[in-house]
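Once you scroll down, you'll see the structures, which are given as structure tokens.
Consider the two complexes below, in which chain A is the common component and chain B and chain C are the respective partners.
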Partner chain A sequence: MPELSLSLPMLGTASLALAMAVAVYAVAAGIMGAIRHDARLQTSARYAAIAVFMAMTTAVLTMQTALLTDDFSVEYVAQTSRAASPLWVKVVTMWAALEGSILLWAWLASGYTAVVAFASPNNALRNWAIVVLNVVSVFFISVNAFVANPFTLVPNPPMDGPGPNPLLQNHWMMAVHPVLMYLGFVGLTVPFAFAMSALINKRPGSEWMSQTRAWTISGWGFLGIAKIAGGWWSYEVLGWGGYWAWDPVENVSFLPWLTATAFLHSVQVQERRRMLKAWNLLLIILTFALTILGTFIIRSGVVSSVHAFGDGPVGPYFLAFFLLVVLVSFGLLMLRWDQVRDHGELDAIVSREGSFLLGNVLFLAMTFAVLLGTLFPLFVEAVSGDKVTVGAPFFNQVSLPIWLAIFALMGIGPLLPWRKASHQSLVKNLAWMVGIGLVSALIAYVAGVRKVYPLWTVGFAGYNFASIVLLLDAAIRPRMRISGRGFWSVFGQYAVESRRRFGSIIVHFSVIIMALGVAGSGGYRVDEQVRIEIGESVTLDSNYRLEVVDRFMEQTPYRVAGGVLVNVHRGNRQIASLRPKINVFLGQEQQPVPTPDVLYTVWQDIYLSVSGTVSPDQDFVVLRVVQSPLVAWIWVGAVIMLVGTFYCLLPKRRYVPVPARQAVPAS
Partner chain B sequence: MSSADMSSTESSANLAPVHGTNPPHSNNSPHSNNPTRDEGSKTSSSEQNAIKRLLWLIALVAGLASLFAYGIMRNPNRRDNIDSVLVGGPLPEFDMPLFERYHDRFGARYQFDEDGAQLAALTGKPMIVNFWASWCGPCRDEAPVLERTWRQYGDDVLVIGINTQDRSRDNARAFLSEFDLTFPNGVDENSRIGIDYGIFGLPETFFVAADGTLVYKHAGPITQAMIDIQLESMLP
Partner chain C sequence: MADSPQPNSTPADSIRYPVTALDSGRNRVSKKIAYGLAGIGVLIVAGLFIYQALNTSLVYFILPSEHASNPSQYVNRRIRLGGIVEKDSVSFDDEQLLLNFYITDSIDRYAVSHYGTPPELFQENTGVVVEGGFENGVFVSDNLLVKHSEVYEAAPDGTVDLDMLRESLE
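Right, the complex of A and B next:
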């Protein structure tokens, strides 16, 4: 386009360069401002953070314009987009490949930095925290600017592109899962930045964590929900009928969630008892470092994975940043070691803080085991040259006992008082919990559950449920006695006034639900291939009957799909019609993508996926039939978890008792 | 139960690795322990400790750096070798269209079934089956090796290439002309063959004995030396 002086590749590259320059300035101004105690420089750094965000927003808008107008002179668009794709696919194609997803990450990072620069109160920690956040922004923008520029100009633009990876364009989750993931990563950068600032300022008290509580909880919530959403996505879209495979890519994104969960719990000990200062700093540094490490592992192909992709120089670049982060942040922690060491002592191991500490150790043990299993093949090959693989059996064997221990601790921990538990109340509570746990396990046993881990899980689910009832009872009964009001009124007041406590109860409840889902689907999944003639039906062992009614074809401008219509019968009743199919996307004919269809029920999912082909000259179809009990509980639990997490974040409000008193005189 | 005992065990198992070397006075001043203000022996000992800890950290970082550097240096597109369950057994049958350039010599399709290769002149010979794609870097490295093998052993061994998971046929054709591959190459339509053969990544190479059983599977780029070793055991 010679007559146009401003092309999109130019505009995008220019805004990246501008963002980069201003971000570097913001770091320099922040550091100078801190060293010289110059408030004007510090303010300038804050405004610069806004400018970086605006420049990055321009870059994002440029990318969106290029995608929506099919401007194939932008390399990223030429490689990942297609003119015929529907609008929403074009919008989300921005994060369908490496360059664009870094752009999204950099944009979110600069956005969070801008919010912190403007919304966080003016105090001793703010300046250095903004410096650290800006350094992180500089890193991500520089990835885009130097090694993975999405705006590279294509001199002879093609007429059309291949479109995004077929696995991605198949499902609306593509719009959601990556964004949630990055919101989680970026959110947890904020407490990391304040922790660094606390170390630099020699103020390793708990101000850094109380100031960033909302960021921590929301970041943790986003990360957890992103993981589960990813699991659901792969269950819905990929043809294998599972949601978790212990693949290295899944593992490395699981690691920061584990350390963040440990952090979320242990900050409470520091807030309450001024203990575990070093531990908390360690956890938040680990969380951030593992985020970068994970991205390095995914992007460098250093560990073999089903989804690994070698993306050129991006891997080493992330590695360098990871090493820098580890060196600087742990180095700083060690320099300040004398200030962060605990001087208080644990009064008793059987106490709230004792249980938190133990839980932390378990979470870290899990982190270590998963990290070890993921990196072990690389380590062995480096040392001896042998090639080994570490598969799901290792991870299951190691993690299931740890999960059960965490699950057990989750029930008893919140019931223990701070400092030291009195034996009487402890024994009484435990008796209830263990009793109900045993009864639940017994019922499960009678109902036919004979496998060890599912039985333990059901037992501990009952035990945890009892724990929640006891917790609520302990909170509500005394309040009822004192105020003389009814149960629901007191319950409402408790729920509104103790938001964090009540939110945590909701989250723990959701964990029970999800644990049952994992136990059921993990322990009792039936996976079979069934060949059915068109018009015939097959009865499964579980008494479901699958009737293949007919084949069908669907055609849209960018996709051709062939599938079968299957009626699912239970007894004499037809309970559902499923339409599993195989898609072929325009430009990606070599990679057909199955779209399974799932009948979700409370007790059992029936999951159908077409294996092989559906063609008019073939009078049968081969279906992969996966029956997984209780899978739906995982998704329902995830929604409950989301509700609980964000319930914790609602602004504090006082409870206004509405009806009772005023209603009486009126009547 | 003596909870006091337990708590003392707990505190002695504190997080500080240098607990023993520090005199107890650091515990006496829990809130005024600003190291920059303290002078004298304590400063130097805590500085020494700080240096020791930093050295540990640097050692850790150096260890991680070298491990990952090793990981990056080896071929980034390599896939770890995963033993195929197919080794020792008969290979799955397949039937694929060949690229146009091979039609004159080998016909339009290549069929591999329980009777072995259906290419008239090539039945009953050992076979090297190579899975590749034009976008795969290591495939470019090994293509000349395979071609050389074919030219050298072509009378005794069938080398066959299967193009799988490629972006487009044109890319694959360009790859074939670039390396001027003369052994037959075909297309894995719908990635069916790759699935049947349990392909984990690209490239992968299967060594098949004359009776159709799989002798050895190699994941990752193959070298002339590996091919020679395998052929030595497979050829009479």
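Right, the complex of A and C next:
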């Protein structure tokens, strides 16, 4: 179908141009509609937002068609796809390089804008919020339209392309992690837009945050899960047996998550106590600005990474948008300062709001420290010309103490009442928590944990676990007494009626699990290189025996792999067969990718990665063997966190006990 | 996190909360000063702490000749040494898993000892970056990165454009 293939670049470029034009119109109509109080213009802006989404959907479908039909006359396809790749790789190749990833972001941004335009209730904030969202759409679409057009026509199309970066096509997580990340970024744009609208409309109360609560929680959830998914990808693909390296790319996406987490907590103070108005606005502005700053740092080639996609032309563009966002939003905040200043004051530091505020300060301190460490090499180079990197020790030294303080607050904060805590209940609760924390740390010590941070983490994990039990006890016991019903019945009612509260307990529980996973794998990871003759076996210090049975080769139309079959024994029992290998993707022969194989267990992972080569003329193999205790707890914790986040988002329902013997007491 | 439904924004947003008797006048000012001083104290401590942490974990990226011109600056520091794998200098002990070679920028050269197998694309005359530190005149590396896209060949007179080399290794 030569006619059709020829038209794909045109169709794509035209869709982008149309989306761009309509988005600009939507911004203009929204602003005019607001200034003139013209409802028809405002409505027109809303419909325009939907039209933008449809045009962007056309662009995305065009890109997918080009990828799936191997249309190498589209430059993006020629540079990143390959005819022999499996279907799923072709689909996700859309976000395997710069232009396509911006396309995905722009598409999701326009989609969220359309949903807000269509579904959010008609009120004072809606119009300006849609304007802000459309401005964000205009920015992303314009990046695609002007500096990173994925639909550029290749006059003499090649017969085939190189395929996406082997590190990306080597794992299905590539289909998931970027999408989750953008859903997080785009989701958190919605509360930002409503915050801006609140400032413009001089309504800096809590309506902007209560209206966007679901967007905030879901965006935060996506961002967190995306980060952990990225960590798991790193674990499964990169071959060093770790999941977090304080790499600039990891850091910059960690920053908006930190501020968003702070925001998630401090909005409750404003909803409850009408305090921290300016603080909440600051946090949501920071979250959005850091998202853009992070994209600038990653995509501009300032730092090298699998995410950098080379020295793209988009760097200055993102930097300019970042400066615009910062200037306009902080300018607005200054302009409205008189309205956002707090009039209420903290009654006492030892209160729910006091602990949330302290936690917020800690989250922000961590944000600052990580940002400083990430940007410091740029400062040094600008000042002295020296090339430096800031090593992981800096980030660990700075963030671990802050994290432990946050972990400590996480236990006590939710137990404190608003306004002011009574001395008596506080002391009683703390006594339980500290007692159980000490016992946990003692058990860990006896079991052989001697390192400082893992020991503290275990202690605080016990302390936090006690806190959750006390929280549930305080909620359920009085309800049982009043209603005279049994534990499970009351528990069910509490869980259904107090969705956010119960969801937050689940999320906090998942944090305990993940903290233990990080402490175990971070503190007690054993990383060694082991030489094993083919057919022989080697016993590790940990009493696992690795038996290299044989070499093997695999070939598919798009990939060649060489590896070894390793039987893992514990005592006299064979517990697993692992197949670490090296993949070579055709079209990307210059970058062979080691593909580790992992035995996941509750207490300890055995991670094998082929180091060097596997070849028929070599009668031994060198394996990188990484043993990380508790690392699986991180992935399990992530799933629990997802469940808790989702639980918070379920619509509120009233619990009706099956045999309705008596009236349900109001909570 | 409320157990009961929350009212949306109300005029209460702009209502000044009643000040309690304890919280009036001078008390309030001195409270503010105390908070301010505490804040400044915390910032100073945090600043010192961060400075200290940064100072000890900076990893310099340098070429052999840069190290040779000022070795004392890099004593007991972790560095990333970039350069070219010198021709005919590579040996690999596959029992001890020790990879030995010379890294050079055509001006100065250092012996490198790396624990681990040579990466797939490691070969003579390729650019590499090794991370580690000097021990008894030998650079002991625990991380070896091959910069595979370029092959460096010295000009006929044996010189290398250091700026180009630097840039291609970063």
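Simple rule for what comes next: the second predicted complex is superposed on the first by the 641 of 667 C-alpha atoms of A that agree within 3 Å, B and C clash if a C-alpha of one lies under 4 Å from a C-alpha of the other, contacts with A are read in each partner's own complex, and residues count from 1 in each chain.
Rule of thumb we're sticking to: a contact is a pair of C-beta atoms (placed from the backbone, for glycine too) under 8 Å apart; a residue touches a chain by one contact, two chains touch by 3 or more.
Small disclaimer: the values here were computed from a predicted structure and weren't measured.
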| item | value |
| --- | --- |
| First, second, both or neither for A:F296, with chain B first and chain C second | first |
| First (chain B), second (chain C), both or neither touched by A:P454 | neither |
| Which superposed partner A:V390 touches (first chain B, second chain C, both, neither) | second |
| Contacts of A:G520 with chain B and chain C, given as first, second, both or neither | neither |
| Touching partner for A:E345 - first (chain B), second (chain C), both, neither | both |
| Which of chain B and chain C A:G219 touches, first, second, both or neither | neither |
| Touched partner set for A:M334, first chain B, second chain C, both or neither | first |
| Which of chain B and chain C A:T613 touches, first, second, both or neither | both |
| Which of chain B and chain C A:G205 touches, first, second, both or neither | second |
| Footprint overlap on chain A, where chain B in one structure and chain C in the other make contact | 304, 343, 345, 387-389, 590-592, 612-613 |
| Chain C to chain A touching residues, read off their complex | 1-4, 6, 8-10, 12-17, 19, 23, 46, 49-50, 53-54, 56-62, 78, 80, 94-95, 97, 115-121, 148-149, 166, 170 |
| List of chain A residues in touch with chain B within their complex | 162, 202, 278-279, 296, 300-304, 306, 310, 315-316, 319, 323, 326-327, 330-331, 334-335, 337-339, 341-343, 345-350, 354, 375, 377-379, 381-382, 387-389, 420, 423, 587, 590-592, 612-613 |
| Residues of chain A touching chain C in the complex | 203-207, 210, 268, 271-272, 274, 277, 304, 343-345, 365, 369, 372-373, 376, 380, 386-394, 397-398, 414, 497-498, 500-501, 504, 529, 531, 582, 590-592, 611-613, 620, 622, 624, 667 |
| Residue ranges of chain B touching chain A (in the complex, touch as defined) | 1, 3, 6-8, 10-11, 14-16, 26-27, 30, 33-35, 46, 49-50, 53-54, 57-58, 60-61, 64-65, 67-72, 74, 76-82, 137, 164-168, 190-192, 200-201 |
